[in-house]
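In what follows, structures are represented as structure tokens.
Each of the next two complexes has subunit A plus one more chain, namely subunit B in the first and subunit C in the second.
Moving on to the complex of A and B:
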């Protein structure tokens, strides 16, 4: 199998001059870097620019930064009434709380299953719909439609389908299988994952399709000429160009995976079957009982986990994407 | 270039200033003349210096006892108030009256209104509404009916100032869709400044000219909630529109003879809990249980004119009200004990400089049956008696909608976290997380306050209101009345044991003969309701664990499933219409669930089971077999730990515990909360005479029932032994009920058990699911 060459050079590149190593003594004679004086006009420009930035900065401060520190504050006091500083005691108590442990386990397992699935499915659909298949416009419309359906309507449909006497159980009984209480059994995760996939595949697919359209056509042509098969073209070219979109879609899907609480809450209420009890249930319920310290600590932990995950994704993206830029 | 820079800088400044001006707009505008230092909180009129405002004094109007005045149809003319009235008599035919009085309610006079000349056709007539036109002619809406045949007629009659009839119309001819005779009912009538007469039936409005000719009719296809006249004489109607599925208020466009545009009154006041009337100085007047507000078109929101509590007026006793000129109001009041009796008064404003300064104490509550009538009365009476303190109620239920009761608690929680917690909270444990509040130190220790008060000893409070509510040796809440739920049966069947466990109760139930029921109408649902009244057996709140997957609970479910879904025919040998007590006396029904709130009720149960039988109030099953009777408290108060007026708050609570209030008879009879009041109740009830008929009717009287036939029932007396038995029950109580936790747990159990009862799942599966869900709940709150 032929190795695919990287970007062919049509214009010979000048090799960069090797940097000469200087002796330490030479560094002493090295002219000091001169401070570049900012002219009066430039200073004025900077001031005016900063002033234009101010409304955005104020907005971000008021709606994001300050509330974050308020949450941090509440996570370090014993309760919102007496407000005695307890530092990390809330976090310790939270990590030992059975309800929190259950919520974290369910949320993580849902995200671990659903996010890769949605990314993979939407990528597959994007690749399929990007090629010239018949009725691709209609398929695309069908896949995007769930985005437009209101949440309450989706929940209603799901309730009808997965009810004890719903249509799914009716189909199962046609094949002689016993009906399943979908939302109150170990199969409850399947229902929610399906709901999540159904809702989010369309949007992610659109993002991938846009990314596919941005892959340089000349590279694909060269690959074609070099005799690369579809597999090689996809994995060695397309996937590498899609890496940023993959990271972006993964982050978006991860964030959306937390939002599935909305549908679960409408389907099952404040205290669902234990497999459906998510982190947002914990936060929602503790808010109502004025346990701000618990929910704040939970939110901070969730934030730290998200930062780590997104950080890892960005590092991977940096490594993969670097050679593309080169 | 320079010009561009100037424009750019100007735009930047505009972007900075614009948000700040929006923030500035949210400042409240106050509602009285003294605007400079007034804080208008969500529902109070209190100045920054703590002075109350919007105070009105009540000037009662003496009305003869046999006359009833209807102020639903008030007219103001030439500095006089005109209204319709009726003189009660022994005859079926009542005398209609035209009532007139001065603007301050004095010089009351009554002018009889005689029926129009008609045949003596047996019809009785009644004037519903009246309006006076610009030429002083009067228009009456009259209903005529025949008491024997129930025939009904609606007429519109106009008379001149001399009483001569100008026209007499049959309103069935005016309303095109009025249907058969008897189907038309006039709900309101008024006349605008152009002498156009508006008459509203259930769904239609007919607009007539002053000569009685019909101008046009509006079929709104919806129930008409009100007809109003604004200050500028325009008529508006409030009714329900399907789009957008809410009440709306629209003007009547007489030019186009159609329904016109919406009024500018904000929607929250149209579809909220406000009573709306029209009046003389504002386009609309609004009343809720805080005050009366005036609203003019174009304003952002209504302005508070009268604050009920500040004016010592109980808003729940207002039958109707009308806005008079010079900021006065004419009000008709119910009597608190007898709603059939009404009284009339003119309310006029007290100048702010005449209002005495007092320390303001806020009382937060969520509107319910108790607060509806008695709380406002109690607050008003306390404010009148106290020279130092003034209680200001703050109703959090204004945040609720008809379908969602959670916003009230959310609003309260917001106030708590922002430091605006009321000085006193009237607790509503079914909705509020009271235990959470206690654990977070929201409430002051009442024992500490009691110990510092030489006039009140903690032992004055009944033990059952102390022990079940103590939290680490401290008392954070105090109830002013209560009742007890328990299970009662004959001692000879239950033994002398103090209580029982679920399995003991199941064994007892399963040992009964086939023709014997454990409880009356022992259906599955009734049994589960009884058993779930007390679920503490399966819950360990301290450790945050539960045991709903235990054999005890599973057996309970299985037993419940063995019971019928409904009982179709009587299983008794006896005709219970003739002898209501027979199944109990003859051990065909073993137990009853008793909700006891007086000694008399214990006596009723004794009579039911056989007056000579010893009863055992064994209570609901518990884990350790102790007595599982449960106390349910009403009027439960707590004082905020951060209150600056704890002494004043305690004075109010002490007033609620005073003999005067503890001993009052009211329609919601409950046990009082003090030892002395309980003793007095026992004395009073031991002095009463009781008679229990065989058909199950219970009567009590101050005099002996000498006229009663002994074969029809039994004369019964409350003895000291009976009183002691009840007191022993109260002293044995260790469990309180109706917390929000119980409600949540009950909801989960009820939701899941239906799957088992319908045969979809096994008892073990359902028990596992319940165990899982409630475990999560308990872990959250632990």
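Moving on to the complex of A and C:
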């Protein structure tokens, strides 16, 4: 970044565009001179740069895109050997599957609790740490350490704390409360949500702090001069500038909430309490029986849901973004 | 605080009785000063609360890590005495332990390195699992970045419909959860007959689009004047890439490498599905099974497992933060 700012300009012709590009908040997505004819030289350069792309695209094709279409195909045939088209039968069977329903229910209910919580908490932390609080950098460091500590390492402590005879129950009993078997009851979601928050708050907080740093200073100064109080400044200015990172953080948290299987698996192993039976458990078990149709259908449904969610988020983001420019 | 303001106001009081316009002004100033002072004190109280709150949260966040580390300095017998009842439930054996209640201790009774010496010298299986992690994660990190550098140069150097479409596909791929990508990965590994080998994890890892995304965003911010200058000096595309572009990205490469490394260091899903042979499982999967067996050693293993990432963190926190910041914003 520093180097960018000190770079001398050597091509005067394109100066205005370069300048635009350099400003930090620039909207680089504006269409750029598409109607300009591409010269012979540039065409050659374009072809050469494609060579750089080859290893990546070949790998992505082989490992992700081509097999994905095979998965799509498998999801619509009755079995990989006879290959009769049955279209949506696999999906219907899957949606009727009790294990799948439970997995979806648990995964969704977890996401519904965890995602808003993590977004809210990390936003609050980011705002607190962005103000002139003492020990700012120390707090920031502490909040992102969980990111670097492998979950597998601290799972033991977590088990000790939330076991039937664990220390959390010991603490509860000091207040005269009955012990709870945290991991094998309705309360299991709480433990997992806590673990998820512990792991993810730091990352999201950094994203929010980066966004806060990007808010133009002059707008904040104007608000100050006009006598806006802290809450007005936050809700009317900061939040609007943060909206696009809010969307991004929500998507990211949602995806991470689908990854929470990792934590659940490390805590409870292959066969958790039924409340913690997640989609990934379902997929793992289906892998064991090698039921390709079910697997493919599950992957496709999941993929569609993800695309719809991302699409909705992007539309919201676009609307807010346009609102901001006006 | 009221007292203070009164004391401050006192010296002006005799003048006050004259009630000149200047006096009014003076009083107004005192009032404003008082309000400011009150606001300052209020701000300080709020700050104090914030610090207190953050302090408590910081302690809560650090607790699991610190407890793991301190517990790793207990001797195995002490661990068994304290946490034995967990295993008792898990294996339902008939042994009885000193306390039924789990006894979570912050400071060990006696500092001992017996856990470490057992893990490092007497039982090689833990070190093998550690090596399993290393031998999968390091190649993934290194080669993913090599592949991604080329791809992001392609995306950043020129614009075009095809390129933006490809980039969009990469973003979608990046956002897909494992539940979606593992099924295709499994199919390919079967076709290529690399299932149950480390390659089935390493190869898809190398082509994962995550680092392409961040590196492209960084490269797009690089001034194209620099590339033009190199071109005027007679550099070809390969020279520009190797001599201009990659050196510029150095700090971003570090940060991406850290993020990729942690991600794969933590992996659980891929080895569970793609590696049937438990001998090849990385330490992350193995640690989840340790709780039913060697609790006496588990803490030391856990600490050894977090050492590489923690070291990375202490040496490169700024890079890490920069990397995360770059990953923000799906568009632009």
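Just so we're on the same page, the second predicted complex is superposed on the first by the 261 of 326 C-alpha atoms of A that agree within 3 Å, B and C clash if a C-alpha of one lies under 4 Å from a C-alpha of the other, contacts with A are read in each partner's own complex, and residues count from 1 in each chain.
Just so we're on the same page, a residue touches a chain if its C-beta (ideal position, glycine included) is under 8 Å from a C-beta of that chain, and two chains touch if they have at least 3 such contacts.
Note that the coordinates shown come from a computational prediction; the quantities given were computed from them, not determined experimentally.
Contact with both subunit B and subunit C is seen for A:48 once the two complexes are overlaid on the shared chain.
When the shared chain is aligned, subunit C comes close enough to touch A:244, but subunit B does not. Look at A:65: by the touch rule set out above, it reaches subunit C but stays clear of subunit B. In the superposition on chain A, A:112 contacts neither subunit B nor subunit C.
Judged by the touch definition given at the top, the superposed model places A:315 against neither subunit B nor subunit C.
Contacts of A:164 after superposition: both subunit B and subunit C are touched.
By the document's definition of touching, neither partner reaches A:177: not subunit B, not subunit C. Of the two partner chains placed by superposition, only subunit B is touched by A:291; subunit C is not. Once the two structures are overlaid, the count of subunit A residues touched is higher for C than for its counterpart among subunit B and subunit C.
Contacts of subunit A with subunit B, set against its contacts with subunit C after fitting on chain A, overlap at residues 48, 52, 54-55, 164.
Only residues 48, 51-52, 54-55, 58, 78-82, 97-100, 102, 164, 181, 184, 270-274, 277, 282, 285-286, 288-292 of subunit A touch subunit B when the two sit together in their complex.
Subunit A makes touch with subunit C in their complex at residues 1, 3-4, 7-11, 14, 18, 21-22, 27-29, 32, 34, 42, 45-46, 48-50, 52-57, 59-60, 62-68, 70-71, 125, 128-129, 131-135, 138-161, 163-167, 170, 198, 203, 206-207, 209-211, 244-245, 248, 251, 255, 258-259, 261-262, 265-267, 269, 279-280, 283-284, 287, 295-296, 298-299, 302-303, 306-307, 310, 314, 317.
Subunit C contributes residues 47, 50-51, 53-54, 57-58, 61-65, 67-68, 71, 83, 85-86, 89, 100-102, 104, 147-151, 153-155, 157-160, 166, 169-170, 172-173, 175-188, 203-204, 206-207, 209, 212, 220-226, 228-229, 232, 236-238, 241, 248, 262, 265-266, 268-269, 272-273, 283-285, 287-291, 295, 298-299, 302-303, 305-306, 309-310, 312-313, 317, 320-321, 324-325, 327-332 to its touches with subunit A in the complex.
Taken together, the subunit B residues at the contact with subunit A in this complex read 5, 8-9, 12, 15-16, 19, 406, 409-410, 413, 416-417, 421, 433, 436-437, 439-442, 544, 641, 744, 748, 752, 755, 760-761, 769, 772-777, 779-782.
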